[in-house]
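Multiple structures are listed underneath, in structure tokens.
Across the two complexes that follow, chain A remains constant while its partner is chain B and subsequently chain C.
And now, the complex of A and B:
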């Protein structure tokens, strides 16, 4: 590692020589699914949990509509309600990036438009073990309210820009899931 | 979600914006205020969304998308965010002898900014603020939080980050080739950005000394706009002692 002149106006206290430092895994839990649902629909007095299941023909329609693979035939949907009226829907999903696993929630209004996308947790792997089922399995079934806390201190990752394209793809899929579920009467 | 650090209580949220993840952390609040503090993060997200609507070349109707689609000889009225970023980009172009170029070589002298109006001189000119826009959006978000009376915190746009007030951040660098993060240091009241340059990266380092191995450049600076932009200057020249760094009260590392 080499560094520039001493005239910095910003204090950065260096930890160690980067080339020698071992890489570490990293995890941050932001919100539980319930907290995210509350933030997205603060007026809601109730969130009803519903399971939506699609058949093979519906999955084909879903893929055609979303332009991405359907991935799953079963989806858990939180229906935000106020005084019995539907305000919208919240769906939680995970996506895998190059080195990271991101859980996020999508809020969709009763009009079918995206209201908000909120990240629930972010897990950075040591490296390529993210592709190993064993690494991913440790997070299966983990709600953010019962998280695995790797780094609970305040820390910020800096690196070349993390692409969010897989989150964007996941959001598209969820919009199509809600649309199809409403068309088929599964959320009526 | 609410770690304690040096006695300060912190809440943090993250949302996808600017094509990356934006993390906002606010400190100095009590646990009983968590719900209100979580909602206050929206101040930062809203400021970033406004900057994105002006600066992203991918957003139809943004100042930059309109410029790129315009014919030569067209004047375009631009928003305050665009004015600030393009003014800085022009100064950086001049001070770096053309190393920092938001036209990405399409036509470095093909645009002109005058009193919040952008003129297209050359039909070939296309502007891409990918090397400076995220930094500016972070600055805007931090300013909005400070105006709202938030005592300390940080905003991190996929690695372009800035802390303010009483927050002291532990910095971790992501290894773009192998994955994982390494401890780098601590940042107090300032900005920090990292760029990766290598075969698949947009930033290039052309010096023979570093040509053989892909690498990273990090810059600490008072503003995130400068930290973001200066990583591109250092990536282009390979010189962590480029005069622009000292001139900007910034410091650079190659690693």
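And now, the complex of A and C:
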């Protein structure tokens, strides 16, 4: 094969790719927490800020149930409400990807199942694909009974293993936090 | 007496040593109460008083213990690699939740691997080696601009009488230009193949990097230049740029190095690199479906830099795929390199053992499966088949002078990666060569990356 053949093929591919206008921004900061909450619960007429605090025993239960470190005893939860009824919960969090912080939000329905995961900002050089709806959709409908592990029920993104693993771990932790808070009546 | 023992001041004091600087006033209060309780036991005959004071003491101790545990958790959280959830979530204004992350501006990283190779047919050639130790330093100047560097030592010791090398593997500045594009300038890894940009030992199966991405794609292959990186919302990532390239004028026809890795023997690594001619590269990768990666890349440029009688272009391209459904991990890659006008360059090298090939190529397929995992432990056996030829064809030099193509080597590798934590891997595998049986070997390895 001549050296020109494959090169020209890839040039065509690249030209095609370059011509594709991005359908949404891959900005460093993509969404604010409030925007994410509105996206997740568009029917909500109010988001009530609650602080959930766990004691040591509850933190141990949390870690045992989730299989991930509890990391914090205090969690800020936005409770989505409509006409006084609870629609669900939104938690904003940060995890480290490989070197940089990834900010994300998890929306959980009143039934404890994940409604939506949104990436608010992403700063790593690789792995922006965790923002793609296709990757985030893997979480939808899963609750605390799901494994929520990369390489199990969540598919990896090649080249962004740490970002995928850490966000997945973070989502699992938040699902467990909401579950425990509901059990203890902290979000009643 | 049991209650008395549990309330002894000495016990309380021991607990306070764990976190001596956390709310000392509360601990002192507890100690005082405990002392008072102890005194009350000895001075007051009333069992009711005793019970009341003990209850008071127990309640206070429980409160202190709960508070200590909470603070301990928070302190652990601050020390952990993950960022604390509370500060981000507690920010009063939503914008502040993401606009001012508490990430450090400067981050250290490291990866390394220690290997043991034992040729099964020639065990006298067994070797142990600190293959590489890499220190990385990443610094973020602002939200849009960062520096990425990696410094590598190969083979543990580098001196005039030792086999080691010290290399700067990456040193580039990246600037985010907008929502989609970023620009990168400096010494960076070329985006060809699956391994070159993701070459840490935790990222690949087997003790050694595969032969195709060592002999044909000279991983870890870097050049100096500029590139643009585009991340599109349809899952396509594009990288393209202009950089330094190879130097065919340093081809050593007397050495076997060019047969081991044609491009590995003429890469420049930005060490006083000849730069009369620059090269162009481009790569496209699509990750639009979770778990699937399809991509390819090309690198091409003149490699004689007006220092030879003829110009010769080096071109290398690849196509690759990786699919990770559930516990499976499949990957496949094909790559091919060509060198133009090699006949004119070889005319001056006739009689030497290693002439410049006109084409070289390789391919592999690999399958791995995570058979067992518990918490962070994971065991993933794998098998890989690969074929490669570093001298697949030579340009015609006339009858009796044109070298015969080299035989294609086929290698089977079977083994397992055992993950201790996501950052530490222990590896073992067996490799069988179809042609050169002297290379059959078992390998053991330890690797880390953070």
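Things worth noting here:
By our rule, the second predicted complex is superposed on the first by the 121 of 188 C-alpha atoms of A that agree within 3 Å, B and C clash if a C-alpha of one lies under 4 Å from a C-alpha of the other, contacts with A are read in each partner's own complex, and residues count from 1 in each chain.
Methods note: a residue touches a chain if its C-beta (ideal position, glycine included) is under 8 Å from a C-beta of that chain, and two chains touch if they have at least 3 such contacts.
All of these numbers come straight from a predicted model, not from anything done at the bench.
Of the two partner chains, neither chain B nor chain C is touched by A:43. By the touch criterion defined above, A:29 reaches both chain B and chain C. By the touch criterion defined above, A:183 lies against neither chain B nor chain C after alignment on the C-alpha atoms of chain A. Legend: residue contacts after superposition of the two complexes on their common chain; A:69 is shown touching chain C, with no touch to chain B.
Within the superposed three-chain model, A:101 lies in touch with chain C and out of touch with chain B [touch as defined at top].
Overlap of the chain B and chain C interfaces on chain A: residues 1-3, 6-7, 10-11, 13-14, 18, 22-26, 28-29, 32, 35, 99, 125-126, 128, 152-159, 161-162, 165.
For chain A in complex with chain B, the residues that touch the partner chain are 1-16, 18-19, 21-26, 28-32, 35, 39, 98-99, 102, 104, 116-119, 122, 124-128, 130, 144, 152-165, 167-168, 171.
Residues of chain A touching chain C in their complex: 1-3, 6-7, 10-11, 13-14, 17-18, 20, 22-29, 32-35, 51, 53-56, 59, 67, 69-76, 91-96, 99-101, 103, 120-121, 123, 125-126, 128-129, 132, 134-135, 138, 151-159, 161-162, 165-166, 170.
By the touch rule above, chain B contacts chain A in their complex via residues 1, 3, 5, 10, 12-16, 19-21, 23, 25, 27, 38-39, 134, 154, 156, 158-161, 167-176, 178-196, 201, 203, 216, 218, 220-222, 240-242, 245-246, 249-255. Chain C meets chain A in the complex at residues 65-66, 69-70, 73-74, 76-77, 80-86, 88-90, 94-95, 97-99, 101-103, 107, 109, 138, 140, 143-144, 148, 174, 176, 178-180, 182, 194, 197-198, 203, 229-238, 240, 282, 284-285, 287-291, 293, 296-298, 300, 313, 315, 317, 322, 324-327, 336, 338, 340, 359, 370, 373, 375, 378, 422.
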